[in-house]
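Several structures are given next for inspection.
Each of the next two complexes has subunit A plus one more chain, namely subunit B in the first and subunit C in the second.
Entry: the complex of A and B
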């Protein structure tokens, strides 16, 4: 059983943060939370999302699992104006999701969850550096780095107590340093890792500029990015594998 | 003949040629102006246009437009493809049952059809995978150390799978951990756990980390803990001197 009413903004925000990595996903419909966990086909980027029942206008579920085509569901959600309500109801019999937006009815055929790529195990990592930063600073760093390179180095300088971003192109370079007073928080530890901008750019699209983003970093280790969506009723964690450099 | 080509066949001649190819397990490619209808998990329609259609003997069916690397419609292997005439047109119908899906292609004009009785026993092998390193080490233990003998591949222990359990020329056991990316401190920790486990019952156990490369820090940590590092550089790194790690590497 699944029946819910949610604002279009909340649904779009939720879908966007997953669709930057995968086209199809499984959605767990537990009694107090909707959750999604997915990894991209190359096993480089992962998303783990929880949306509390309180993020919905109304929410009833009892532990079901559905498979959806994300771009299709996003298209439908895009039919609603900001602030408009979207009604969702699962027909267990036909395995279809009935979606209603102000009189508009859309019946979405679901995908057999077994045919969707397995959900990832979240690697258990103890990352030494923690940085809390505004979403707009991530956007600034990623946008600038993208002008010169397809990779971006993120690190923490324990000596100078700095979070830094480096991108080296063939001719041009980008460098950004943020001291603790420019950050929300910095818990310095040895960290320097290189990441693919393709992935980080996509993840950045889903990070609200006003969000407080918590980064966990290590030395040639995956990065974790945590942030809230839906007025803090939802939480997203991205994890991205690094590019390993030779000596 | 391995390849037979018919230019501009009539619908009836096309259907005969196609069904004969399907019967005999040949690969069929068709150049045609066609429209495509999909029904299944969702539904869709693609209007008239020039397309390349490919039907493979395993039931795979692909509809390619003149540009783009992905087919615009497709059916994975496991289903069936058949040809028939309907209302004066040749029709290719690909379908499967779980989930129930069908791609129906109505061919308004067939420019050409090629039947290819293809034989191909090879499988694609990605280079530089951990499995490939394992195979290499199993076949060439001397590459790690002269006189080394592999006793067991992927031995299960309380702490997980040890990649190789071997003995050296003097009969001393060697625990070997293999990584496809530059060795990290995490990998060192992992090897150390395994070796400590063996050291509980055997004083003379050696630990060996095998990877394309290792940083100063990792080699120092290994050395300080009486562990060894062997570089198999041939399994490392692309032309840019870096390699994309996967989340499963950690």
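Entry: the complex of A and C
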């Protein structure tokens, strides 16, 4: 059983943060939380998302699992205006999701969850550096790096107590340093890893500029990015595998 | 080569690369390399891959163009090389040699007549894997840290065996339908083509026709294999019906008054081929791109532009790790 009413913004924010990595996903409908965990086909980027029942206008569920085509569901959610409410109801018999937006009724065929790529195990990482940073600063770094390169290096300089971003292109370079007073928080530790901008750009799209983003970093280790959505009633963690620098 | 008629019996479905991510594929090296060799020769000017002393190494261009496909889709290839030629295959090889000689004559005619398109087509058909091609391909793979296995006899028999018995190997990779007769549980076809590969499923094939492995081999022998010409009038459907009715090859032959030379030995070549457990594969590939590039462009004088994009693609794909490394 699943029946819920949610604002269009909350639903869109939730779907967007997953659809930047995958086209289809499984959604767990537990009694107090909706959760999604997915990894992209190359196993490079992962998303782990929780949306509390309190993020909804109303929410009833009893532990079901559905499979959805994300772009289809996003298109439907896009039919609603920002503040409008969307009503969702699962028909267990037909395995369809009935969606109502102000008199518009859309019946969405669900996907067999078994046909969707298996949910990933979450890497067990104890990363030495923690950085809390504004979403807008991530956006600035990623946008600048993208002008010169396909890759971006993120690291922490423990000597100077800095979080830094490097991107080296064929001709131009981008460098950004943020000291603790320009950050929300910095817990320095040895960290330097290179990442594909393709992935980080997509993740960046889903990070609100006003969000407080917590980064966990290591030396040639995956990065974790944590941030809240839906007025802190939802939480997203992205994980991204590094590129290992070949000699 | 194998008998393409087997396609009619094989359980085959297209499989997206995304579903194969992270797998190890035992690739029939001869089958794979030959495809890229002929494509290169047909579409690339000979000056690009000919050294100053006249040695042709189109294989190096072809291999560098073909390899990125594996890495970009997160597949680790293990190339399995042919060992000795199976005695019974001599006839087939002699036939092919004769045909190649015919093509070579036609090629000379086409060149004399100035027909460039026909010459390119025939040039591709007259390619053979010379000792230089064997050696330089192996050395390139070594520099790129790509696992290689030397089969005692047929490469695809070894690839099929590894897929069946080695937990570290997920698929055999060959366009040859004989992989089915060799009992490869899952074979990826068209790894050299554009688009997604086809997955050929052994158990599903047996189940679909209610056959045992031995019976499937018998059907293959009736239709013809690399080791025997097949019985006149026997296509897959007829052979399947005959095995269904009579049970096995011998009873079918007895009922039809036919004979297959060395039938029992041919059966064994598929059911118990000469294979080995004596190999080591390390699927953690860390290619030395610069050394490999120098080998191809400096040592073997291949035009740098012809391989630049291929090496870039290998470099870009190989350096990206997956999260599964940390789980």
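One rule holds in what follows: the second predicted complex is superposed on the first by the 246 of 247 C-alpha atoms of A that agree within 3 Å, B and C clash if a C-alpha of one lies under 4 Å from a C-alpha of the other, contacts with A are read in each partner's own complex, and residues count from 1 in each chain.
To be clear about the criterion, contacts are C-beta pairs under 8 Å (C-beta built on N, C-alpha and C of every residue); 3 or more make two chains touch, one makes a residue touch a chain.
Quick caveat: nothing in here was measured; it's all calculated off a predicted structure.
> After aligning the two structures on subunit A, examine subunit B and subunit C and state clash or fit.
Subunit B/subunit C on subunit A - steric clash.
> Report for A:244: first if it touches subunit B alone, second if subunit C alone, otherwise both or neither.
So A:244 meets both subunit B and subunit C here.
> Touching A:69 in the superposition: subunit B (first), subunit C (second), both, neither?
After superposition on chain A, A:69 lies in contact with subunit B alone.
> Please work out whether A:197 is in contact with subunit B alone, subunit C alone, both, or neither, and reply first, second, both or neither.
neither
> Per the contact definition in the header, classify A:221: touching subunit B only (first), subunit C only (second), both, or neither.
After superposition on chain A, A:221 lies in contact with both partners, subunit B and subunit C.
> Could you say whether A:111 touches subunit B, subunit C, both of them, or neither, answering first, second, both or neither?
first
> Using the superposition on chain A described above, determine whether A:41 touches subunit B (first), subunit C (second), both, or neither.
Touch partner of A:41: subunit C, not subunit B.
> Which partner does A:120 reach: the first (subunit B), the second (subunit C), both, or neither?
both
> Now for A:148: first (subunit B), second (subunit C), both, or neither, which partner does it touch?
The answer is neither, since A:148 touches no partner chain.
> In the superposed view, which residues of subunit A touch subunit B and also subunit C?
Common to the two interfaces on subunit A: residues 39, 42-46, 120, 123, 125, 196, 221-222, 239, 241-247.
> So in the complex, the part of subunit A that touches subunit B is made up of which residues?
So the residues of subunit A in touch with subunit B come to 39, 42-46, 69, 72, 109-112, 115, 120, 123, 125, 194, 196, 219-222, 239, 241-247.
> Mind listing the subunit A positions that touch subunit C in their complex?
Interface residues on the subunit A side: 39, 41-46, 117, 120-125, 150, 196, 221-222, 239-247.
> Which residues of subunit C touch subunit A in their complex?
17-19, 21-22, 74, 286-290, 315-316, 318-327
> For a test of understanding, state which residues of subunit B touch subunit A in their complex under the given definition.
Checking each residue of subunit B against subunit A gives 40-42, 99, 181-182, 184-186, 212-213, 215, 236-237, 241-250.
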